[in-house]
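Each in structure tokens, the structures are laid out below.
The following pair of complexes shares a single chain, chain A, combined with chain B in the former and chain C in the latter.
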Partner chain A sequence: MDIIESRTWIEWVITIAKFAFCFVPVLYILLLIPMERRGAGFMQDRQGPNRSYIKIPYFGKIRLFGYVQNMCDGAKLFFKEMFAPAGVNKVLYYVAPAVPFAIVFLSPCVIPWFGPMVFEWGDKMVRIPGSIIDSDVGVLLLMGFSSISAFGAILAGWASKSKYTFLGALRTSSMTISYEVCLGLSLMGILLLAGSFNLTDIVSWQEHHVWGIVAQPVAFFCFLIASIAETGRAPFDVAEGEPELVAGYHTEYGAMQFGLFYMGEYSHICINSFLIATLFLGGYSVPFVTTETMQAHMGGALAILCGILAFLVLAFLHMLYRYSRKLKATEQTHRFVVLQEYKLYKICGWIAAVVLVALGVCAWLFYNPANFVVNGVAVGSLATAVGTALIHLLVLVVKSVFFCWVWIWVRWTLPRFRYDHVMHLGWKIILNIALINLVVTAVIAKLAGGN
Partner chain B sequence: MLALIYFIVLAVIALGAAACVLLSRHPLYGALSLIVSMVSLAGIYGLIGSPFLGVVQIMVYAGAIMMLVTFVIMVLNGARDSKTPMFDKVSLFVIPAVLVLAGLVGFALVRAPLAFDATTLRGSVALTSRSLFDVALTGPGYFMLFEVLGLLLLSAMVAAVLLAKKRLGSVVSENTEDKH
Partner chain C sequence: MRVIKQTPMNWIERLYIFECLRGLFTTLKHAARGLFRYETLPTISYPEGQPEIRSTYRAKHRLMLRPDGTPRCVACGMCAAACPAHCIFIEATQSDDPRIEKRVMRFDIDHLTCVFCGLCAEACPVDALRMDTKKIVFEHRTRDEFVAHLNDLIDWDPKDYPEDAQSQMAPGGTKNAEALKVWGMEVK
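Up next is the complex of A and B:
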């Protein structure tokens, strides 16, 4: 019972609530799949899937810009029969898809989602770290998890007892080994500068100096390429290249077992983009503003946040009005249905814009909490801490969504590499660049006088 | 108390997986059990207050080296389930030898005074080596452990050499084509 009484109840509530962040990668799948499909459509100058709809009585059809299509696909995968071909290794065949998907829930534990929450509760100063596990070996833990998740693909390929899956698994394992090395080495430069494996420390170093991408531009590109390769996405998807290997290691899988691989891949993208945003783009830190400044002007910060959101909503409305004007001018038969749908979005958009503006003005005028400085640390109320955490979280999400887009962008831009080209790139080019970068960084850091 | 429960759970998993390495027919199952064993060892490292070592164990051993091992196993005879018999005539000599060795080592370890102190585990190389080899200071426990490890590694090396020699000596008729 000592361990429970050692902290106040609010600390326990927040600590337990933080476990909700484990589900962020899974939620990102909901975002990434439509983003991938419509993004691919955008790249190839077509619409992308947008025809599925939900029929609402007395109103009409709702398509949610093609989002309903993804719901249909999900439902289809979910209700399909689980099927194992004859001759497979039953146990491993069923266990394999669960491995990468289980890692998905573990990996978010070490990412700092917001800066350490410091606030006053009663007469005590409470400090809560932004990650679920505030470990001193955070980055390494993440690397370990991602290397273990590759075993899912290997087991799947081996258990399926088919040549194609087997070759896919072999390629996955060799690619994971090669690109893990590059990933780790290109990471070392920024770790050297920050002087810590702890992700929160790395972010706070970036907050007080420069972003990792400025300090380590070469390492950033090495890391980006290596992590794209590690997720096994095009142009590095030799493990599931359909002209050679049907579908690689998950050829024999169907229904939700295939779905688990699919979701594991997307969640891996999500985690890697969070990692890149954390290591090289300042993580949760707001550009040009330190956390202390933000907390001192909490009302203003919230007002600016509401302003940005309202601007986004207005941009969305602008897009809608332009679409409707174009659509009215055409002779398409279904244009009235679509216009009816757009009317709903317009109403929602205007309500959101007005609410956001009102919230922003209220925050600006009426919310000016006092701050105290205890031992050089700004200590505010719980509301200030939660507000800061919220802003931090949103900033991190924006950064990571940008990198998710980079993944999709790369996939639909570059053609697939040949297997030997991938190995050549990994071992002979990126590894050496990362090594040289590490040496140069170490020498410069030493000459400039340590951290 | 909580730490003890964790330790027992992890130790049982580690030992069970290690036994599975011995008993599994196919090398890939052996490799998988070895991974489980290593991950639970990493948990034990974290438990005794050196999470860095634990994470490196996961990264290097469970991640990289076992990945390499599975790769090699799959390249060599992955598609073919090898049904080698678990015991043959050589076992008559090997099993008693292993049992005698295990008994000897167990006897030595039980007799050795091992005072487990978590604070001696953290710290510099000098501190670690002093607690390992300075028999006058910490008693012969750790030193004995070190020697036993050496013996274990030696026997593993001998076994590896033996296996490699057997493969070299046999007729090269290994048909790696799958027949499933």
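Up next is the complex of A and C:
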């Protein structure tokens, strides 16, 4: 009971609510799959999947800009029969896909989603860290988790009793080992500057000095390349190179078992892009604005946030109107069905724009923490803290979505490296650059009298 | 023989990373085109939007008509002789017109066998058989329906061929009246 009573109930509520962030990578999968498929299409001057639709009675067809296709594919994977080829190690074969997917829910626990929430509650000062577990070994924990996800591939490759999966698993393990080293070493520079393994400390160091990408540009590039390689995506996808290995370690898997590997890969991308955004792009911190300034002008900050969102909605509406106009001029027989669907989006868009502008104006004019009193308890500082957390979270999401896009962008641009080239790049080039960068950083930090 | 001399890569190209960035910029341009100028993508959303087909495209056949509406075909059988797939079946009969020796009684083209080479249209001495209908979709329930008979082949509308003077001489065309006058004059 002491441990429960040691904190106020609001602390407990927020601490438990933070566990919802475990599901962020899963939500990112929903975003990444259409982004990947449409992005790949656009880069190759195709349209990407856009044909599937949901038929709504008395309205027409809804395509959701091709998103229905992903739902269909997901449902198909989900309802397919699971089978195991003869001669596999049954237990390991069925356990293997679960390993990378279990990591999906564990990895987000050390990433700081927002700055520490500090607010007054009654007569107490409450401080709630932004990560689910505010651990002093944050980065190390995350690296450990991402290494464990390689076990999924290795187990799958070994249990499938197929030479292709076995070779794929070997390649995956060797890639993971070699690029984890590069990853860790390129990370060390920024850790040295911040003087802590705790990701919240690293972000607050960046907030008070400069972003990691300015302080450690070389390390940023090394880290980016190494983490692309570590997720096993093109141009480093030698582990599942189709011309040589069919599909690598998941050759023998179908249905949702394959789906779990697929989702594990995507959430690995998500976690890595959150990590890069946190380590090198200032994490949750808003560029050029300190948290204190933002909290002092919370109403204005919220108004600007609403303004940005309203601008995005208006830009979306502009594109919609423009495309509707072009579509109306064509001879396509389904254009009225599509235009009807767009009319729905236009109505939603205008409602959203109006609501956002109204919210922004209200926040600008009427936000005053002194006014917030619920049942005699002043919650003004809690409201400010929640608003700050919201803005921080959105900023972090924007930064990480950019890096997710980098993953997709790189995948559909560069050709696959040969296996020995990958190893050469990892051990002889990136590792050396990261080491030199670490030494130079250490010397300069010592001379400049930093940490 | 043309020999292309490959210039060795300079050191910036050998570093690879800058070439990567160039490639990334190229794909970014294409991605932006798809996102902001979606309708300029070359893809046609097929059943709803039809591809543009030129009149020289070798599509489904048609038989040209005289001004009085009879098929121009004189049943010489040269198209059937030229056909590499042997898909044209012609039966001739006596013509009612004293100026013309034969007319077709049966003119069948089996589109399941046809290879759309266009040799039949090339071989026709009276320009009766053409392949400029721009119809490229063949969908039927049974195999028999894929065989185009004489009635199907002469069933076309001059309004679909506004630029073609020969087609306009058929009944319903803009030049049918004067063509019929010339055709009738020769009878007397």
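By definition in this document, the second predicted complex is superposed on the first by the 439 of 451 C-alpha atoms of A that agree within 3 Å, B and C clash if a C-alpha of one lies under 4 Å from a C-alpha of the other, contacts with A are read in each partner's own complex, and residues count from 1 in each chain.
In the analysis below, a residue touches a chain if its C-beta (ideal position, glycine included) is under 8 Å from a C-beta of that chain, and two chains touch if they have at least 3 such contacts.
This one's a predicted model, so the numbers in the text were calculated from it and none came from an experiment.
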item: Combined model on chain A: chain C and chain B, fit or clash; value: fit
item: Which superposed partner A:414 touches (first chain B, second chain C, both, neither); value: second
item: Touched partner set for A:166, first chain B, second chain C, both or neither; value: first
item: Which superposed partner A:39 touches (first chain B, second chain C, both, neither); value: second
item: Contacts of A:47 with chain B and chain C, given as first, second, both or neither; value: second
item: Which superposed partner A:330 touches (first chain B, second chain C, both, neither); value: second
item: Touched partner set for A:246, first chain B, second chain C, both or neither; value: neither
item: Superposed model, angle subtended at chain A by chain C and chain B (C-alpha, nearest 10 degrees); value: 120
item: First, second, both or neither for A:319, with chain B first and chain C second; value: second
item: Minimum C-alpha separation between chain B and chain C after superposing on chain A, in Å; value: 29
item: Touching residues on chain C, where the partner in the complex is chain A; value: 17, 20, 23-24, 26-28, 30-31, 33-36, 38-39, 41-43, 45, 47-50
item: Contact set on chain B toward chain A in their complex; value: 28, 32, 35, 39, 51-52, 55-56, 58-59, 62-64, 67-68, 70-71, 74-75, 78-79, 178, 180
item: Residue numbers on chain A that touch chain C, as the complex places them; value: 38-39, 41-48, 50-51, 221, 319, 323, 326-327, 330-335, 409-410, 412-414
item: Residues of chain A touching chain B in the complex; value: 87, 135-137, 140-141, 143-145, 147-148, 150-151, 154-155, 158, 161, 163, 166, 169-170, 173-174, 176-177, 180, 184, 197
